[in-house]
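In what follows, chain A forms one complex with chain B and a second complex with chain C.
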Partner chain A sequence: MNNLLEFFSFTNPTVRTVVLGTVLIAVCSSIVGTYTYLRKRSLVGDVVAHAIFPGICLGFVLSGSKNPIFLMLGAIAAGWIALVLMDAIVAKTKLKTDTAQAFILTFFFGLGTVFLAYIQKSGSAAQTGLHDFLLGKAANITQFDLAVFGVISLLLILLVLTYYKVFKLISFNEDYAASLGYNVKFYRFLLTTMTVVAVAVGIQAVGVVLMSALLITPAATARLWTHKLQHLMLIAGIFGALSGIFGAYVSYAAVNMPTGPWFVVFLTFFALLSIFIAPKNGILSKLKQKRINANKINRENVLKTFYNLMEHGAEQINTQLILEKRSFVPRVLEATLHKLKHQGLVQRKGNIYSLTEEGMVEAKRVVRLHRLWELYLTKRMNYKEDHIHGLAESMEHIITPEIEKDLLKELDYPTQDPHQSKIPY
Partner chain B sequence: MISLEAHNLTVAYDKVPVLWDIDFELPTGKIIGIIGPNGSGKTTLLKTIMGLIKPASGYVKVFEQDLDEVRQRVAYVPQRESVDWDFPASVQDVVEMGRYRKNSLFRRLTQTDKEIVANAIEKVKLTAFKDRQISQLSGGQQQRVFIARALAQGADIFFMDEPFVGVDATTETAILDLLTTMRDEGKTVVIVHHDLQTVSGYFDHLVLLNTRVIACGPTAEVLTQENLSNAYGGQLTLLSKIQSIIKEKEFPIREKGFEKR
Partner chain C sequence: MLTAVLIGTSCSLLGSFLILRKSVMIGDAISHSVLPGIVLAFIFTEERAALPILIGAAVFGVLTTMFIQFLQRKSNVQEGAAIGISFTFFFALGVIMIALSTGGNVDIDQDCVLFGEIASTYLDKIFVNGYFVGTRSILTIAPVLLIVILFVVFGMKGLRLTSFNEDYAKALGINVNAWNYALLMLVSITAVLSFEAVGAVLVVGFLTIPPASAYLITNNLSKMLWLSVVFTLLSAVGGTLLALTLDVTISGMIVSVAGILFLLTWSGKIIMTKSKKIEKLSEV
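Up next is the complex of A and B:
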């Protein structure tokens, strides 16, 4: 508990460095990753993340230190070599993209692991902690790292904002961009380089193994919340930042815990949460829509039954009469009647129910739609009369006023349905 | 006046020549159809004209100039299926892309741009849908979005790849009306089309294609029984044999020094 307070009060300068560093890294990867995601290059991100591992080891061997600048240079070089090799494999051999990706990813990662084993055996004191690049250790972020990552992250974010329009165009429709005269190859190169750099920056906090999650998951999660690209980038950044703060906390509170896996746990938590509660696309809102539909169907069916009973001369309508005419679950019927009364469509005197004026209008509308659709099915779609009732039974709840207007026009304002019942207006 | 000239154009796709030494010229101010059977190179021709595929030999001139010189006057409507319509963008967003210019990265859309965009959306009858997310549109509406984007470019010549595929009757009529208006304004529209039945109703001028140009001219002159059976009547077996040898041995289609001739 003390830990929690100390961490989230941000009074400790080490905590501030770690949190700021992680958040910057996370926001930057999430925003750059938005384009990786939109261009369907998710797996390329994974390849790059794994491929930079030997680069980091080499950077360490050549410079003899864990200075982030050397490690990053090694990482970026390795990432690029991997991508160039991958493209060459696809272009020059019969192998397909997925095969080339699997091949390059495993080869480079294997190479990195060999390098790491060699470095660890050499026994140099500086190498301790190099294996933290595998799964990430946000707590290791120093003031100097922060300065380096900060500058690079801000630069990347600035690039995305500068080229926002072009990146949008290229991600949506490369051929069209080329037809406008844009140098598509250059922008593709720029986007790929930005991805490589974002990955190289991120590995300190997340590690090479899980880095691609930080590129892809925030954007994929944000996609559930919005249809707008600006908002997508913003929301992805927020999810990334939140996961970053929690990841940094774990790294701070539990000394031997790697950050990357926790990062991914939090990201996935947000993703799952979004699958449930996101507007329109979320499971909850779909359930809600289902309930709204069911209620509408019940209400309209009850109103229609009133109309049918009255059409056959019934005057004193009670629940029993309704149930004889049409099967409802009695409890549902009670609830629906209650709701209709509340809405002023039905009135009640003792056990006798009747339609109000408004209720009558609504009941007529439902019956009218049913009969119009039956007529449409027989006249325009050549259905036999004994088939149409069931189809119209569901359509009456779906047809909108606009479609009703078209329907009336197309059928030339008919007065009788195929069963010779009057169509009420 | 000539709107488009293709000279000795040879294009290979995955090393197989799809267009073999073709030559033709197109007039200005007409609705022109590029027709031919499946795999006859129609889309490849359009992409080559737009500079998306590099030809193995020959060249294309638009309004008697290289494409790069006249880009502002040329608009391209790719096949609808060539993009992912789940992309987070609205109708307005996509049509605005027609006003993007490569040399003005930071320029915001001006009031004039916005009027042009609104006008283009109106012309394809999508004003009521302008804020709609593009994934929620029908196939026909999506096609109209692409056409509106090209209209927003304010071009003089339009290249459209199969705009009538998978569209509803409303869209078909809307597109045809629009094409007529465009022609009356002096614009040239070149359309890749595969449905022979509708050809005579749609186009003033035709290029009948099957790896080579079989006929090119006013619709009535091109649509003869002889031309059609030449284009559609079975593959040329000898030609496809040679094509497979070229693919297998990776022979060059043109020897050095003959690229531009």
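Up next is the complex of A and C:
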């Protein structure tokens, strides 16, 4: 508990630096990642994360220091070359994107390990910095790192704000953007560069392997909540930042716990949570919608059965009679009758049920739709009379009042269905 | 070197099918996400016994595939994103488990997982009655290679059908899912065995690069399989020799050599098609 207070009061300067750094990284990669996700290039982040490895080594060798600026320049250059080569492979050979991605990823990484071994052999004392770069060191973010991250995040966010509209166009429809006269190649270049930069920054927090989670998991999560791009970025940023803070907290509170993996675990936790509880797209709300639909269909079917029974002269309708006419699960029928009674569509005297006035109207509506649809299928679609009942059984629950109006007009207000039953109005 | 050849061969055979099925990145994902399986097996048995590790890895390989499918079907996440989310999650779990179970005194660490070192496997020798039989990793990988070869030879028809035309295979009544899982399970087993030798990332290189080079020059499946084995042999031998001369990491060098072979094959092919065009033009 003490830990919790101490951490979230942010009085400890180290905590402040780490949290701020992680949040900056998280927000940056979430925002850039939204574009990568929308452009269906989710795994590019993974490719870049691995491919910048030899670049970092070269940056180190050429500059002779582990100054993050040089390492990042090397990283960005390598990431760039990798993506250009990857696109060339996809465009010029019959190899598919996934193969090209895997090829670039491992080839560059292989080169990187060779370079690294070479550097290690030469025995530079500063080589540990390279390791941090690959495996992440969120817990050891320094003030200087923070400044670098800050400047880069500002730049990225500024870019997004300036070119927001164009980026949006390009992410959703490149051809349309081109037809409007935008220089698509240039903006694509810009987006790719942003991705490479975001990866080069983020990798320092969580390491090579986990980097792609920072890019795409927030975006994929946000996608479950909204369709609007602004909201998408906002939500992705929030999920990213929260996970970053929680990850930092766990590694602060528990001995020997790495920040990066916890960061990713929290990201995935939010993603899974959203899969279940997100409105509209979540599993729970889909189940709920399904249940609502099923209940509606049951109610309409019961009402229809009432009507059919009455049409055949039945007067004392009980559950037994309904079950003889149409098969229901008895328990479901009980529940549905109860609900109908509650809604004032059905009344009950002892064991005998009857439709109320409103119930009658509703029952007529369902039967009318059923018979109208049967008529439409035979008259306009040339279906045989013995094929239409099943189709009408499902359509009667779907047809809206507007479609009903059109049907009536189209069939010229008929009085009889194909089986010579009366169409009730 | 023998270890590299054995791992490489079984990887390239499996990888050929992954390329044809456009599921290379799933192979990549699996090679990372078997980590928790390995760690769990390690925690329970407290030794690096091959069998529990294999079982753990195979279980997590299948779990990953199921998780990817769950994300895709239940929430319409794009395939790429589903893969990315899954393997990062499992890998993160693995790293956390390592941190939890130790304070760092188990000899699997993130370094080893990422890079691997084929040369060190040489030190782990097994003796029976005092006679040197082979190194441990050779003894574990050899039977797997045998299984892979048997799987490919006897499963050729099923693999070919399910790889090229899933719908047709379904129509013929072939259990496409079973073939998929069998293939991916073998991939995860191979990935695990290759873990300490070459590391999680470079396994994917072994899986992809030689078959990709082979696929550049042929459309025939059995030719592709043979050629990818040839490419593997070339890169394994060339890479090992180069690495020993330069005194750098062997597995990294092998993958680098394989990559360079790919680029050479590609440019060779470009030159060939160009000269053919010129011939045709001069004939005209």
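Throughout what follows, the second predicted complex is superposed on the first by the 371 of 425 C-alpha atoms of A that agree within 3 Å, B and C clash if a C-alpha of one lies under 4 Å from a C-alpha of the other, contacts with A are read in each partner's own complex, and residues count from 1 in each chain.
The rule is short, and it goes like this: a residue touches a chain if its C-beta (ideal position, glycine included) is under 8 Å from a C-beta of that chain, and two chains touch if they have at least 3 such contacts.
Just so it is clear, the structure is predicted and the values come from calculations on it, not from any experiment.
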Superposed model, chain A: greater residue contact from chain B or chain C: C
Which superposed partner A:159 touches (first chain B, second chain C, both, neither): neither
Which superposed partner A:76 touches (first chain B, second chain C, both, neither): neither
Contacts of A:210 with chain B and chain C, given as first, second, both or neither: second
First, second, both or neither for A:264, with chain B first and chain C second: second
Which superposed partner A:197 touches (first chain B, second chain C, both, neither): neither
Intersection of the chain A residues that touch chain B with those that touch chain C: 40, 223
Sites on chain A touched by chain C in the complex: 37, 40-43, 45-46, 50, 89, 92-96, 98-99, 101-103, 105-107, 109-114, 116-118, 121, 131, 134-135, 207-210, 212-213, 215-217, 219-220, 223-224, 255-258, 260-265, 268, 271, 275, 281-283
Chain C - residues contacting chain A, complex: 19, 22-25, 27-28, 32, 71, 74-78, 80-85, 87-89, 91-93, 95-96, 99-100, 103-104, 110-111, 114-115, 199-202, 204-205, 207-209, 212, 215-216, 243, 246-249, 251-256, 258-259, 262, 266, 270
Interfacial residue positions of chain A with respect to chain B in the complex: 38, 40, 162-163, 165-166, 168-169, 171-173, 175-176, 178-183, 223, 226-229, 232
Complex interface listing, chain B residues touching chain A: 47, 50-52, 68, 71, 74-76, 78, 82-84, 87-90, 93-94, 97, 100-102, 105-106, 133, 135, 149, 153
